[in-house]
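As written, the chains take the letters A, B, C and D, and residue 1 is the first residue of each chain.
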Amino acid sequence: MKTAVIGSTGYGGVELIRLLAAHPHFELTKLISTSKTGEALDQAFPHLRHLGYAFSGLNVDELAEQVDLVFFATPAGVSGKYAPALAERNVIVVDLSGDFRLGEPEVYEAWYGKEAPPRTWMEKTVYGLSEWFGDRLPEAQLIANPGCYPTASLLALLPLLKEKVIDPAMVIIDGKSGVSGAGRKPGLATLFCEVNENVRPYKADRHQHTPEMERFAEICADSPVRIRFVPHLVPMNRGILITLYATNLNNYTNRDLFDLYCETYQNRPFVRVLKEGWPETKAVQGSNFCDIGFHVDERTGSIVVMAAIDNLMKGAAGQAVQNANLRCGWPEESGLTGIPLYP
Amino acid sequence: MKTAVIGSTGYGGVELIRLLAAHPHFELTKLISTSKTGEALDQAFPHLRHLGYAFSGLNVDELAEQVDLVFFATPAGVSGKYAPALAERNVIVVDLSGDFRLGEPEVYEAWYGKEAPPRTWMEKTVYGLSEWFGDRLPEAQLIANPGCYPTASLLALLPLLKEKVIDPAMVIIDGKSGVSGAGRKPGLATLFCEVNENVRPYKADRHQHTPEMERFAEICADSPVRIRFVPHLVPMNRGILITLYATNLNNYTNRDLFDLYCETYQNRPFVRVLKEGWPETKAVQGSNFCDIGFHVDERTGSIVVMAAIDNLMKGAAGQAVQNANLRCGWPEESGLTGIPLYP
Amino acid sequence: MKTAVIGSTGYGGVELIRLLAAHPHFELTKLISTSKTGEALDQAFPHLRHLGYAFSGLNVDELAEQVDLVFFATPAGVSGKYAPALAERNVIVVDLSGDFRLGEPEVYEAWYGKEAPPRTWMEKTVYGLSEWFGDRLPEAQLIANPGCYPTASLLALLPLLKEKVIDPAMVIIDGKSGVSGAGRKPGLATLFCEVNENVRPYKADRHQHTPEMERFAEICADSPVRIRFVPHLVPMNRGILITLYATNLNNYTNRDLFDLYCETYQNRPFVRVLKEGWPETKAVQGSNFCDIGFHVDERTGSIVVMAAIDNLMKGAAGQAVQNANLRCGWPEESGLTGIPLYP
Amino acid sequence: MKTAVIGSTGYGGVELIRLLAAHPHFELTKLISTSKTGEALDQAFPHLRHLGYAFSGLNVDELAEQVDLVFFATPAGVSGKYAPALAERNVIVVDLSGDFRLGEPEVYEAWYGKEAPPRTWMEKTVYGLSEWFGDRLPEAQLIANPGCYPTASLLALLPLLKEKVIDPAMVIIDGKSGVSGAGRKPGLATLFCEVNENVRPYKADRHQHTPEMERFAEICADSPVRIRFVPHLVPMNRGILITLYATNLNNYTNRDLFDLYCETYQNRPFVRVLKEGWPETKAVQGSNFCDIGFHVDERTGSIVVMAAIDNLMKGAAGQAVQNANLRCGWPEESGLTGIPLYP
């Protein structure tokens, strides 16, 4: 199958190139970048100098004839404009941006501050949290790939809500992310000297991943859910760790939680449930794994769950390929069997 | 005044040397290290090669005649053994370890798993959170310098509890710390390659700073307080950021909180209250400041407060010197006026 | 083909596991560790928790019956003891340590300060710098995998010496290495806080990779070669960059050098010659590539060449697999096609 | 004495603020920034929120009446325009940029690619390598503060050249620098993810610090000197380590070198000569020290010397204050007694 990556000069786009160039079933046919049209790939990315690609501009009609599947790895506002036209021309679209995740234009506009994509497409988009909504993927024309924080958070949270283990009225999620999540666009806030030797909260008052988490949490909880999500920037390239705090409603034990997570994710190749100990981002670096650990604290009646992912893999490009695999009927792990890089 | 540092080869001890060697009122008379007795300081610490010190062994009787004030920068279990003997010989003791912080031997033994110091000394020790218990310092013979996490956490938390702003039944504190907090003893867990490019929780089930926080929280709240504290290791040398989550009981606004913190810490030179934005560890690096920021979230009825300190300064050696200043009647800032190192 | 890794708990050993677990032709049959015998792999290495291995002890006779090929990823002095016995039992041995690289027991003992392996085996060992001595591999029973610095240095240097471009009487090689090269054994010098925010020379007076470089440099130069090699530790996990300085004997130009390197390494899949610009370690991270760049400086009559590798890949486990591939007649790239991880 | 900092929003400028705000003899009267005129200091630099400054615009006439001494911490091309006018109005100028270091307009234009300052001022500028040209400072109206690399390099090199220890025809200097040396202007090359986990050469073909080193090397050698200087970027905030390679002309021994360096720098408070071992950047972090170590290698007839400085201190702001002290007759160490921050 022929694929293209639109927005192939950001960190998410380059990670897609890494995965697709080695994928057994997808062929990476076009790299599209409006800022680098015409340039050779290795000018911008010397680590890929053994590959022979060059960047093209975006022409929707042409593209629809050249490829079967398109990945958007673009900033908010881009796929909303171009993805519907491609989907209508029967191209499968996997959108790594947030444009189609929130279901309703009003919610999108309130949290993203941008004009929303057409309502019809927002409504019929399938949300690509593979382990939870994967059964809807085979018919999807447009797949909204989850955000990095929602991926880790929902994989940890949804089993608890579905089984009514915790109080949905207040879930706290404290996020820690590596810097590649902030993108590759130069800015003072992501200069080495500003980030190195620093832990810094950002968008801590209000982050646009909050409504995304709440939307799908409520679908699984079948009740209102309130999440207080606070992200922090940590001096490392890759990785997200979320720490989730909730109230233990029914005296669940550690053993109960272990059984619940194991049952939920049995046969899912990318979720690893820890019997003891805690996840750490290094253990998933460069891979599509999500590691989950937890602890019931009797002293405070609380449950703590942590999930670790590589934000560019399970949090972006890896899950996008996983979704494309599921959409096209390939084995879920195709092209995603890389073992974590350590150290 | 003549001072000694016991345990002067750990990161906290070396930070004390940095501060005391430049202090206008204290003279650093003895560096005591049982592992390096007889060695010159610059063998172990080339950055101090312009100073002329050498390490001595510990002899309590001799020491009591040579110095007026002793800092213990030792692992748990050491000051519990030696500090009472020094205090009884009229030496002022500032203990940076946890041995005397918990008030009761039973609590100490339950959380530290070591034999407790004598009950009488545990009871009459003054807890050196300078901004809250500083008025008891001038008469103190033995000062328990607070732990790094409790310092940041209590400075953020106590105003809320004292004014009954939040529900004391459940306070969540998510801690992020640089690696120097783990000490200078070689171990796999703190090797560069294990920590770098990693966020890793540790002692997340149960950390001995929890009862320390709860003890002094309850004193100020005048009611039971339950804290769920979860620390994380972050790849940087120095710095602690704590993120505190609590339920807003009385519809406090951002403005109310700003006024509360400003009033609480007016005239306290080391607490900087942020009107907007959030603290970050880089802004306090190398200094004795504690930066505090906060946000009231109406959507979830919660309050988030963050505090940032340098764990070796306000979280250890800096506050120890601050307490020694207050004990001895010197200006609180003596020897602590260094401006944060940036970047 | 069945393989074992001896010394599988160091960084080099774990990298071998990563490569062999995904190799199309080798089966990883045994993980041998004397310190962890009986333990499950995921206890020590949580990132590998989806694999099912456990560690065994070392029994040479048993091992010789169970596997066809053994990788030694052990400290100096181990393979010298055990490799000959395995080789004599017709097991192919790839030794990642320095025990068999120097050809003569006297030289080994002078530079390593340990008892040398038997002279006969030292003499008939093949040095596995794949691009230069690969034609001798198919018959090798014992392969000495090159050191990390010599790999990068010789790939840069040998073309210059062979063509008599530079003065062999004085070659300067300034090395910069990530910390994984120092191994996984806990020690003060590799603690995070000691290495982070630091550049530190080590073994700068005398490093045991010097005679290894000179030995093979002299073979290719067919004349005496003197190398002054000075390594530095840099705060990163992986990567080596060497900067080589030499005197331009015959007015070679940049164009001449480009042609020389391209010709030397044509058809070698892992050496990438840069027409302009310089290599950087990030461009090879996690891959088996060696990137080479150079510059002729007319002002000073000097030539500068740089080479970048991932010290655990082309500098250790990657090249070991490359050598095993060449030894066994598999395509050179088998199991080594991973694209560099960026960022 | 009243001072101003022009260009006070770069890393060098902020370091000057840190030093001057605590200086016993200089009063920091004005912070000048054309990009932030009118803004409060703590908007841009939260770590300085306890200081009350705001940024002003630049008006040469006004400034000349308000202050006695001005520091330029501006990019190339700015002080060349404004410094002469200030100097002519009897303001003492310390210029941290390269505009006045090269003595001749032609050389400046060849290496900097910008229009040179007036020849008369270039010629009568005093080069502020304090330990070598400090005796000319008391009369200087315009002081060219040395570049970061030349400071470390010349302190290591000049004793060797003056005593004719080494061959001046070829000196190799391999530089490693932290990222703050690249400035605070956002750009792709200094983004965290691009620099972290990377060693990258830059301006390796031709760096403008080369002629600065050669100019002052030749003055001290009293003969032509050729230097091949190659800088590398290392993932840390602060610090420069230079490794110098040269040919031992007269069989100097380690002992001879130790005596030479000790004699040269006796009574100079900021140069620390190591009897054994090597310097590392961490040992000088945040301080004005330059640590020097060396080794004579008999095998190759070469001498290696290393020097470590904090690039923002002895390599920029620290030396600028040292020069201002010497110019004004204050003790050389005034305001510079801070002990290195460790770790």
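Assume a contact is a pair of C-beta atoms (placed from the backbone, for glycine too) under 8 Å apart; a residue touches a chain by one contact, two chains touch by 3 or more.
From a predicted model like this one, the values you see are computed outputs, not experimental measurements.
Looking at A-C alongside B-C, one finds more C-beta pairs in contact between the chains of A-C.
Averaging C-alpha coordinates per chain and comparing to subunit D, the farthest chain turns out to be A. For this pair, subunit C with subunit D, the centres built from the Cα atoms lie 38 Å apart.
Rounded to whole angstrom, the centroid-to-centroid distance between subunit A and subunit C, based on C-alpha atoms, equals 37 Å. Subunit B and subunit C, compared by their mean Cα positions, are separated by 46 Å.
In subunit B, the residues that touch at least two other chains are 11, 180, 193-194, 196-197, 235-238, 280, 282, 285, 343.
By the touch rule above, subunit A contacts subunit D in their complex via residues 11, 179-180, 184, 186-188, 190-197, 235-237. Subunit D makes touch with subunit C in their complex at residues 170, 172, 174, 176, 178, 193-194, 196-202, 204-205, 226-228, 230, 232, 234-239, 241, 243, 245, 247, 278-282, 285, 295, 297, 299-302, 304, 306, 308, 343.
Residue ranges on subunit C touching subunit A, taken from their complex, read 11, 14-15, 18, 21-22, 45-51, 180, 197, 237-238, 272, 274, 277, 279-280, 282-287, 289, 291, 337-343.
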